[in-house]
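Below, subunit A partners subunit B and then partners subunit C, in two separate complexes.
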Partner chain A sequence: MKIKKDEVIWLLIFIAPAIGLFFLFFILPILFLFITSFTNWDGISAEFVGFENYVKLFNKKTFIRAITNNLYWCLTAAIITVPLALIIALLLAHRSRGWKVFRTVLFIPQVVSSAAIAMLWAAMFNSEYGLVNFLLDYIGFSDYQNHNWLGNVRTANAALIGFSLCYVGYFMVIMLAKTASISDDYYDAANIDGASQFQKDVHITAPLIKSTFFLCIILAVIFNLRQFEYVYLMTAGGPANKTQVLVVYIWNELSVQRLGRGNAAGVIMIGIGALLLLTLRKLLKSETYN
Partner chain B sequence: MQRDLSVNFYIIFKWVIIISFVFYAVFPFLWLVLASLKTNAELLDDPFKLPEVFQFKNYSDAIQAAGLGRLIINSLVISTCATFLNILFASMCAFAIARHTFWGKNVLFLMITAGILVPLNALIIPYFAIINFLNLYDTRLGLILVYCSVGLPVSTFILTEFFKSIPKEIEEASFLDGSNFVSRYFRIMLPLALPGLATAGTFQFILCWNEFIYAMLLTSSTDIRTIQFGISYFTNQFFSDYVGMFAAVVISIIPSITVFILFQERVITGLTAGSVKG
Partner chain C sequence: MCLNLKKIGGLMIKSILKLFSVAFISVSLTIISTVASAEITINWPSIWVGKDSKTTVIRELVDEFNAANSGAIKVVIEEQTDYDIYAQKLTAQISTGDLPDVFTVGSDLLDILYRSGKAMDLAPHVNSDSHWNNVYPENALQSNMMGGQLTNLPYELFVTPVTYNKKLLKDAGYDEFPDNYDDFFKMCEAVTATGKVCTSQMTGKNAWTSMLWYSQALASAGGPDVYGKGLDHPAFVKAFEVMEKMYKYTTSDAIGADAGVSGGHFLNERTAVFMNGPWFIARYTSDGIPGLHENIGVAPAPMLSGGEGSPGGYVGGKQSSLAAGKQSDPAKEEAVVKFLKWLTTPENVARLSFSSGAMFIVKADLPSDMDRLFQEMNEQKGNAPYVAPIFINGIGSLPVAKEFSQALSALALGDVTPEGAVEMLKDAE
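Up next is the complex of A and B:
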């Protein structure tokens, strides 16, 4: 709708709060992050130091470990969590009795705070009273009695990444919703040809929700790049920095007042995020056109 | 015959997969609730054994000893205010974008929604500096502002899509009647957009209630802190009172699950409307 002249002022008033807050909490912080990443800012004074922060970061083993761990999280989500979610979505798409209940129940971990989930799973993995060890013992893996999953250098990462599978529900719900838009004609035609349920799932439903599948991978990558609570609350990056991730690394730099260095890590994180997003989008485009 | 066999296998496969993931998603919560009703001694025993006496005392202890009541009220106040402001500002902006043409409109929409993709946790140091600069460190207002802003891109996106779906004729009729910009927003668009507001509001409330990192970063006194930070504090405060910690975690989970169960259709449609198009 065209606006009357005297309404321009109202239009400005309506968009002003959103623009103001967006500037204050999105644009300004990003500019600030970028500029101070070239200084040795410690909260009081700042001097320009060029690329020193970046050079130092890339020479730190812990920082490289944080990047690779973040990439592990993303990769696990992309090749395990999201495909599993796809399988469950295909199965629930049959809409057999009770499918809505299963959908709701599987989605629940997503609405619970990450802090609560982290504490819950830290308790699950606890060596004295945790349920994981008890169940393993119960089914016969007695080696794991009193095994400290999160405190052991070999198992900490596996435990952390393993529990994150409880988030399949989120991606499943997104893909399941997409299946609702598929026309029944396809299935009717397949039924006439005598296709089995499995054939219909694999040859009709799956290809038709491909774009949503890729979207879920993009979402999974973003979430796993910025994750903080699990590592911070369950292992604090340990043992021996084995489970370090980028945001926890930045947090640690903040707590020792190396703000410039922390911000350089932030710039690298945003850069990695942008790079992953662009690559995935490119893959997605070439996939949809083929 | 062979055909029937494979059909049966597929059905068995289907239920095994579904049931095992339901188990994976829900079983830990059931264990948590059961454990929160035991004594610390019973916890070390068989995890499936019911406690001798249900220790509801754990809950009252957690609320009193750790001052959880205070933290819950803080969380409620902060989440409610941030959700209200967020929906107000986002709907105003979405109304301007969805129902009018003006210079720079598309750039504005693109820029705000691109905010969804920014990994905001990279910005903890700048946020800390900005909040300190505004003299809002350790205040409820500081957290409210941050939460309200962090959720703006998603809310603006959901609401713009929703406003666009409302037929133009309704608004045009009132336009001819001579009603002005503000009353078109309050009297006509907001009532029609109630389902959209509920969707965006539910999202925003759950986001605020669950937020952890900024609550930890931007507050320091127990008078201001929120429940999510409060439960993590338990690990330090009561070294060995695991059951008290479990009770606190259960308490922190209840509101978001309640809101979700009440508004689940809204959450799920909003989620899919928002992400499937994006």
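Up next is the complex of A and C:
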């Protein structure tokens, strides 16, 4: 596209609102977050305290556990949720009978309020009247009668992360959409060569949606790094802070008016996010998903 | 392709100008209509809505106030159905200075509310109007002043005695509620043997019910002034030792449970003993199984042997105070004060108390047919040697109060010892 010299000013005018909004709602808050992280701001007054907030945070077991738990969430998403979504997408890509029903069912959690889903699962995991224990008891696992899934240090994280698998539909739909863009020529050629459906999935479909698969991994890691609502609504980071994650930790700091320390935790979270993204780009070779 | 950016830009600027013109006209019309109506609107984000026992009478009081001031003042209730979310929202509003016109505030936020400088100073109104000194007990308002300002009006009080199911205790062989923890845990064994669960507990949110038990045990072990002795005082460990035992006699879902679950077990006679404030009295009838209210007894919490507390000691304090956001318009300030006066008339407070069972600091002529449980609580409170603060108010630290539920769940799960639970509190500080 050729742009005349006198039109440059108009171009600047056009992009100014976007730049302005980006500065106002992203750059400025991050700068504010960074500056206040070096203060003991409590919402009313603030004094410069240097690196005290950061030192205290890294000396807190709960904060370290929150980071570790977040990494578990990210790892689970990368090695279970997204690969599972890929398998389902490959199966649905065959367009077998009823595939649309499965696609819709799997996508439903995405359109339902996460708060409602969290409440529903909290009820299902309830030790006294929950469906999970009832079913386990029904099939013979009577040891799990009255087991408090979300209130037990050994099972709370597993129950939370396991429940998050119901969001597999989101990534499945993205990858399924990508399979639709694959030319039939590849499959025709494979049919002539006598390839089985499994061979076509593994050698044609999977490689051609690799870039989307990597994109899904990055999205899943980002989503799980900022995991909040399920943890907050189902366990609030408990029991004994065992399911604590970064955003819930930040929320707790902010809710007790330790805004400076909460913001320091926010800065650390941004740093972890940036580090994770850079690592993923390196690992997944950026050119494959650009 | 060569775009005519100049032409497109010109068209866009024209469109934006048109948009601004429409917006300007709309805003002007809105302002004109607002000024013309001259009705003052008072926003009140109220927690006394939904299942709260004060909902009905509060709604009636607002409707009656609006009817009496029709065309001049209108109070609009913004329903806040979750107490914790409301507290968090209010905390943020105090920080940003964006306070509601009228609101209720817990004791833990009174200091920050004063320091924000955004709350209405009610002292001039109290000094110029005899209403306040007539309806409040002596010194009740003066003791709430900070820096010469009165930024809140103490309103709802509470005490939290033990409430127990007499029928379930009788089935376990007990006619009286034990007055010491040794006998209490023997009673719990007996209740468990009948197939029922002894106590309702919870660690979700602020672990309210369990926190009240902890407060009772703490006051029993360290006396009513235990909070001034600091977290190193052995009473904090002793009280956690009581809680550790208590969790052996509770429902399997107590860890992580919220007040709804904890109270629900008692309302449905799955548990025999429960602790909560007088506002819960109405729910024994409205939400409990038939006949529950008649079966309920009230008693002071058991005592720890060798503790510094006294038999019959209660815990409680100010539950919520009334406050208002600072107003720039004197007419609106007067309207807000008028509404606060309405809420604090002895007649209206008596109505609230009668319908809900809640206690108020405002002097009110309560009817003689007040609920039996209310009367028993009131009598026991009157005989109590002290009413010690509850933990989350007395400890004077929001982070410690917030950490309590996590320390308690760690203790209940055997993840930490009672000493370890206190360390968790110290660490939060």
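General observations
Following the convention adopted for this analysis, the second predicted complex is superposed on the first by the 261 of 290 C-alpha atoms of A that agree within 3 Å, B and C clash if a C-alpha of one lies under 4 Å from a C-alpha of the other, contacts with A are read in each partner's own complex, and residues count from 1 in each chain.
One rule holds for everything that comes next: contacts are C-beta pairs under 8 Å (C-beta built on N, C-alpha and C of every residue); 3 or more make two chains touch, one makes a residue touch a chain.
Worth saying up front: this structure is predicted, and the values here are computed from it rather than measured.
In the superposed pair of complexes, A:L165 makes contact with subunit B only, with no contact to subunit C. In the superposition on chain A, A:S255 contacts subunit C only, with no contact to subunit B. Judged by the touch definition given at the top, the superposed model places A:P239 against subunit C, while subunit B stays out of reach.
Look at A:S127: by the touch rule set out above, it reaches subunit C but stays clear of subunit B. Once chain A of one complex is fitted onto chain A of the other, the partner contacts of A:L150 are limited to subunit C, with no touch recorded for subunit B.
Look at A:V173: by the touch rule set out above, it reaches subunit B but stays clear of subunit C.
When the two complexes are overlaid on their common chain A, residue A:E7 makes contact with subunit B and with subunit C alike.
Taking subunit B and subunit C in turn and counting the residues of subunit A each one touches, the greater count comes from B. In the superposed model, A:M119 lies in contact with subunit B only, and not with subunit C. Applying the stated contact rule after C-alpha superposition, one finds that A:L33 touches subunit B and leaves subunit C untouched. Across the two superposed structures, the residue set of subunit A contacted by subunit B and also by subunit C is 1-3, 7, 10-11, 14, 128, 259.
Across the interface of their complex, subunit B is touched by residues 1-3, 7, 10-11, 14-15, 17-19, 21-22, 24-26, 28-30, 32-33, 36, 84, 87-88, 91-92, 94, 102-109, 111-116, 119-121, 123-124, 128-129, 131, 134, 165-166, 168-169, 173-174, 177-178, 196-198, 212, 215, 219, 222, 225-229, 233, 246-247, 250-251, 253-254, 259, 262-263, 265-267, 269-270, 273, 277 of subunit A. Those residues of subunit A that touch subunit C in the shared complex are 1-4, 6-7, 10-11, 13-14, 42-45, 60-62, 126-128, 146-148, 150-153, 156, 235-242, 252, 255-259. Contacts from subunit C toward subunit A in the complex involve residues 1-3, 5-6, 8-9, 12, 88, 91, 94-95, 112, 115-116, 203-205, 251-257, 261, 398-399, 401-402, 405-407, 409-410, 412-413, 415-416, 427.
Residues 3, 6-7, 10, 14, 17-18, 21-22, 24-26, 28-29, 31-32, 35, 43-44, 46-47, 88-90, 92-93, 95-97, 99-102, 108, 111-112, 115, 117-130, 145-146, 148-150, 152-153, 156, 168, 171-172, 175, 180-182, 185, 206, 209-213, 228-229, 231-232, 234-235, 242, 245-246, 249, 252-253, 256-257, 259-261, 264, 267-269, 271-272, 275-276, 278 of subunit B touch subunit A in their complex.
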